[in-house]
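The two complexes that follow have chain A in common; it is paired with chain B in the first and with chain C in the second.
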Partner chain A sequence: MIERLRRINPLTALATAVLLVCATYVVPAPIGPALTLGIGVVLSSLTGVGRRVAILAIAVALPTWLFLAVMNAVVAPEGDTIRVAGIAVAPAALVPAAWIALRLGAAVAALGWVVMMTPPLRLVHALAQRGLPAWSQYLLAASLAAVPEARRRAREVLDAQRCRGLAVGGGPLGRLRAAIPLAGPLMVSLVTDAERHAIALDARAFEPRGKRTSLVPVPDPKGERILRTALWALTVALVVWGFVR
Partner chain B sequence: MSTIALALIPRAVALNLAIGAIVAALKLPVYLDSIGTILVAALAGPVAGILTGVTSNLVLGMLSSPIFIAFIPVTVVIGTVAGVASRVGGFRSVPRALASGLVIGLLAGATSVPIVLALFGGVTAGGTGIITIALRALELPLESAAFIASMAVDVLDKMLSCAIVAAVLVRLPRRIGARFGLPQAAA
Partner chain C sequence: MSAVLSVDLKRVRYGDRVALRDVALEMTPGEILGVTGPVGSGKTTLALACAGLLGRSVPARIEGVMHHGSPARPVAGYVFDDPAAQLTGLGGTVEEEVAVGPENLTLPREAIRGRVDRALTAADAAHLAHRVPDELSGGERQRVALACALALEAPLLVLDEPTAQLDPDATHRFGERLRALAGAGTSVMLVSQDAELLRTVTTRVLVLDGGVPAKLGRASDVLPADVETRPTERPPVPREPLLRAEGIVASYADRTVLDDLTIDVPRGSAVALLGENGAGKTTLARAIMGLVPVRRGEISVNGRRIDHLPVHERAHQVGMVFQDASRQLFSRTVLEEVAFGPRALGASHRQALVRAREVLGAVGLAELERVHPGDLAPQRQRLVAIAAAMASSPPVLILDEPTAGQDPEGKRCIAAAISTQRARGCALVITHDLAFARQVCDGAVLLSNGQAASRVLHSAGVLHGGTLAM
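This part shows the complex of A and B:
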C-alpha cells in the first residue's frame, strides 16, 4: 500500500492536494485546517518526505503567526487587553492569528507533499501524457533545467565584477547604481543564449502546438483515473458548498 | 509566438529566480524577482510576459514554496502591463521606464493586497509585513496599512526593475534586438 502510494501518478497526488487546500479554506477552523494538516502530514510521512514537508509548513506558518500576533495583539490590539511586562496585549487576537497560520500550514503541507514527493519533470511528463501542449511542456521543463545554470552565472557575474573593482557596499543609491553592472551582463547573456536555443529548436523542427510522446511513460492505472475524477468532483462540490453555505 | 520568444521565457524564469544572489550581495531593499518577466514583456509583448510570470511562480512553487502559486495573478498583471507599456514605448528611455515601473508597481501592489488579506490576514513575514505593522502602529486600518505597504515596496521594486530592463535593452546586440523588433536595433 505504502509502496503504491509512493508510485502514485503525480496528477492523482495533485488532485488530492488541491482537494485538501480547498477543504482547508472551506471547512471552518480549526476542524477543517487541522484535519487537512493531519492528512497532509500522514501522506508526507508515508511517502518519506514528512520531515521536509513539516519544516516547509512550519517555515511559512510560524513567522506568519508571529507577525499577526505582534500586529493584532500588541501593536494594534484587537479586543480586551491585559498587561504583560508593562505591555498591553490582547490575548483574544492570538486565536484568529493561529487559525490563519494553521490554514497556511495545512495548505503548504498538502501542496508541499506533491512538490517534495514528485520530481518536477515527472509531473511535467504526467501532464504531457494528459495532453499538455508541447510549448507549455517545453516552458516548464526548460525553466526547471535553466535555474541552476542561471544561478551559477549570477555568481560568476558577481565575482567577475567584484574582481574588476565594483563596489557593492555604501549607501542605498550607490548599491542601486551597482545593480546595473551586475544584472546587465546576466540579462544580456541570457537573451543571447535564448537566440542560440531558438536556432536549435528551429533546426529540430520544434512544433509548439503538437503533442509529444514520452520516452518514459508515467504509469496511470484505470483505478487512479477514476479516483482522480472523484477527487476533482469532490473539490468542485466543496467549492460550491463554500459559496452557497 | 516566435521561437526566440519561446526560448527566452525559460531563461527569464531562471533570471527571476537567480537574481536573488545579486539582490542579496547588494543588500537592496527590493526583490527584483519580476525583472525577467518585465524583460520578456518588453521584448516579446504581453502574452510572453504573462507566460513568463505564470511559469516563474509555478516553478518557484515547485522548487521553493507552494505559497508563490497564490501570487500568480500578480505576475499576470505585471506581464500584461509591462507588455502594453512596451508597445507604447515605455522602455525607450530610463525616465519612461521609471514611469512604466510606477504604473506596474501600483497595479501589482493593488493585486497582491487582496491575496495578502485573504491568505495571510494582511501581513506577510518580511519587509512588507514590517511596514504594515509600523503603519498599524499609527492606527491605520489593516486594509489601508497592507495597501500602502504593498504599494511602497512594489512601486520601488518595479521602478528599479524597469530602469534596469531599459538600460539592458540598449545594450543588447543589434542582431537580437532586431529579432524582437526593437526600435534602437533598427536605427
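This part shows the complex of A and C:
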C-alpha cells in the first residue's frame, strides 16, 4: 500500500493536494485546517518526506502566527486587553492569528508533499502524456527546478568566493554577510543559465507550441483516473459550497 | 552529389561587432570539415550559424545565404564547447537527457529507446545511462553532450571542441567513431584546437583568423607541421614535498571516488595529474581545497596540516582553478574578479588592484580589465580564473584542465603562469593534454580508479605519444 502510494501518478497527488488546500480554506477552523494538516502530514510520512514537510510547514506557519499575533494583539489591539510587562495585549486576537497560520501551514504541507515526493520531471512526463504543450512542460519543469538550481548556483558562487579567501561565518549574521556579495553574481548567473537553457532546447529541436512524447512511461491505472475524477469533483463541490453557505 | 550545407555569409554581427565575414563553403554528405583558428576568430559563430541556431535562440544579425540540403528537422545536431550548456534539465538521468531531442521530435517510445541506446553507445557513454547528469565529471558530461546531439540523427553534426575534456584514449575512440559516422553518410563540422585530431579525421580544414577565412584545404596543407615538443630543461627538483595528500579516502554518497590515495608535489615543481575521465582527478583537487569532505587521510602544505581548516583559510595556502572556470567568476569586471582574492585575504583596495593588474599583465589580459568576465570566450575566462587564483600568491596552485580548447597563445600564457607559480611554490595540473604536460610539467601522477596507479617525477621526458611511460 505504502509502495503504491509512493508510485502514485503525480496528477493524482496534485489533485489530492488541491482538494486539501480547498478544504483548508472552506471548512471552518479549527476542524478544517487541523484535519487537512493531519492528512498532509500522514501522507508525507508514509511517502518518506514527513520530516521535510513538517519543517517547511512550521517554518511558514510559526513566523506568520508570530507576526499576526504581534500586529493584532500588541501593536493595534482591539477589544479587551490585559497588561503584560506594562504592555497592553488583546488575547482574543491571538486565536484568529492562530487559525490563519494553521491554514497556511496545512496548505503548505499539502503542496509541499506533492513537490517533495514527486521528482519534477515525473510530473512533467505525466503532463506530457496528457497532451500538455511543450512550452508549458518546460515552464513547469523550470519552475519546479528553480529553487534547487538557485541553491546549486549559490553554492558554486559561494565555493568560488571561499576558495579565494572569503570567510563565511556561522549563524544568521554570518549567513547574511555572505549573502550580500552572493546576491548580484547569483542573479547574473541565473539569467545566464536561463539563456543557455533556451539555446540548449533550441539545439534539441524543441518547438514551444508543439507536443512531446516521452521515453519514461508514468503509469496511470484506471483506478487512479476514477479517483482523480472524484477528487476534482469534490474540489469543485467544496468551492461551490464555500460560496453558497 | 548534392551539398548538405551551402554557406555564403557576408557578415554576422553581434550588435555592432562583426564576428564573421566573407565565409563561403559547401559540405557534401559524409565529409568531415575541420574548423580551427585562434580564440575569438569566429569558429563558434560559424558553428552556431551552420547548426541553424544563430538568429534564433542566439541573437545575431546574419547577412548572406545559408542553405541546408535536407528538409529534415532539425537541420543539425550540435555539441556545445561547454558540455554543461548542452543539458536542458528535462532529463533526470543521462538516458532521459539524451531522450529530450527525440521526444521533441514526437517519436514513439520504441523509436526514442532505439535512438537513445544507439547514441549512448556511439558516444562511449552507455555505462552512464542511469547516472544523474549533474553528478558527472567534465569528460563524462562531454560524452553525454555528444550522445544528445547524435540522438537527433540529423544529416549534419556540428561539434564545438567536443574532445577538450576527453582523455587521450576516449579522444582516439571518438575519432574512430566520427569516421564511422561519416562513412554512414553523416556530414560533420568539427571545431577544434586539437591539430592531431584534425589531421587524422578531417577531409578539409578551414582556418579562421579575425573572423575571416585564412586557409581552406587538406589538413596537411593548412595546418602547421607537427613539431615534436620537448620538455624545457630545468634544474632538478628537490625531493621536499610542498603539497602532500596522504591516504585520502573520499566519496559521493555511496560511491568511493578516492581510495587511499597518496600524492606528493615537491616545492619548485609542476606535476601533471593524469587519468581517464571519472578517475577522480577533480575530486582530489576539490578535496585538497576542502570542497569535498575527506573521510580519511591527511593533507598538508609545507609540513603543516590543512585538512582541518575551513576553505577560506586554506585559500592562504592553495589556489584553485575549476574545470568549468565560467562558474568560478562572479564579479562585474575582470579587474574586480582578480582583485577579489587579495581583498578577501586582507589586502587594501589599492594593494589588491595593483596586484590584480600585475597578474593580469602576466597572463596577457591587461587590456581586458574593464570587460565583464561573462562576455569573454570560455578559454579567456579560464585565464581570468588562473589570474584570480594566482593573485593571492598561494604556495600551491591547482589547475583543472587549463588548456581545454585553448589556442597556442592561450597555452603559452598558461605555461608562463605555471612557470611563475613554480618559482613561488608548486603547481598541480590536471590535464589530458599530454604534449602540454610533457612540455611544462616536471613529472606526472597517473590516477586510476581513485588511486595513484603510477608516479613519475623529475622526468617529464617520459610522457610520450599519448601514454605514460614507467
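FYI, the second predicted complex is superposed on the first by the 179 of 245 C-alpha atoms of A that agree within 3 Å, B and C clash if a C-alpha of one lies under 4 Å from a C-alpha of the other, contacts with A are read in each partner's own complex, and residues count from 1 in each chain.
One rule holds in what follows: a residue touches a chain if its C-beta (ideal position, glycine included) is under 8 Å from a C-beta of that chain, and two chains touch if they have at least 3 such contacts.
None of the values given here were measured: they were computed from a predicted structure.
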(Q) Which partner chains sit in contact with A:123 here, chain B, chain C, both or neither? Use first/second/both/neither. (A) first
Q) After superposition on the shared chain, which partner residues are touched by A:201: those of chain B (first), chain C (second), both, or neither? A) both
Q: Please indicate which partner A:107 is in contact with in the superposed arrangement: first for chain B, second for chain C, both, or neither.
A: first
Q. Does chain B (first) or chain C (second) touch A:132, or do both, or does neither?
A. neither
Q) After lining up the shared chain so the two structures overlap, which partner does A:227 touch, if you call chain B first and chain C second: first, second, both or neither? A) neither
**Q.** Residue contacts with chain A in the superposition, chain B compared against chain C
**A.** B
Q: Quick one: classify A:142 as touching chain B (first), chain C (second), both or neither.
A: both
Q.
Is A:64 touching anything from chain B or chain C once the two structures are fitted on A? First, second, both or neither.
A. first
Q. For A:5, is the partner it touches chain B (first), chain C (second), both, or none of the two (neither)?
A. neither
Q: Applying the touch criterion given at the start, work out whether A:151 contacts chain B, chain C, both or neither, answering first, second, both or neither.
A: first
**Q.** Intersection of the chain A residues that touch chain B with those that touch chain C
**A.** 138, 142, 145, 149, 153, 157, 168, 184, 188, 192, 197-198, 201-202, 206
Q. Once bound in the complex, which stretches of chain C touch chain A?
A. 51, 53, 56-58, 73-74, 77-78, 80, 85-92, 95-96, 99-109, 112-113, 116, 134, 148-149, 152, 289, 291, 310-312, 315-316, 319-320, 322, 327-332, 340-341, 344-345, 374, 388-389, 392
Q.
So in the complex, the part of chain B that touches chain A is made up of which residues?
A. 1-4, 6-15, 17-19, 21-22, 25-29, 32, 35-36, 39, 43, 51, 55-56, 58-59, 61-63, 65-67, 69, 119-125, 129, 132-133, 136-137, 139, 142, 160, 164-165, 167-168, 171-173, 175-176, 179
**Q.** Complex contacts: residues of chain A adjacent to chain C
**A.** 119, 121-122, 124, 128, 134, 137-138, 141-142, 145, 149, 152-153, 156-157, 159-168, 181, 184-185, 188-189, 192, 196-207, 210-217
Q: Could you please specify the touching residues of chain A with respect to chain B in the complex?
A: 56, 59-60, 63-64, 66-68, 70-72, 75-76, 96-97, 100, 103-104, 107-108, 111-112, 115, 120, 123, 135, 138-140, 142-147, 149-151, 153-155, 157-158, 168, 172, 175-176, 178-180, 182-184, 186-188, 190-195, 197-198, 201-202, 206, 208
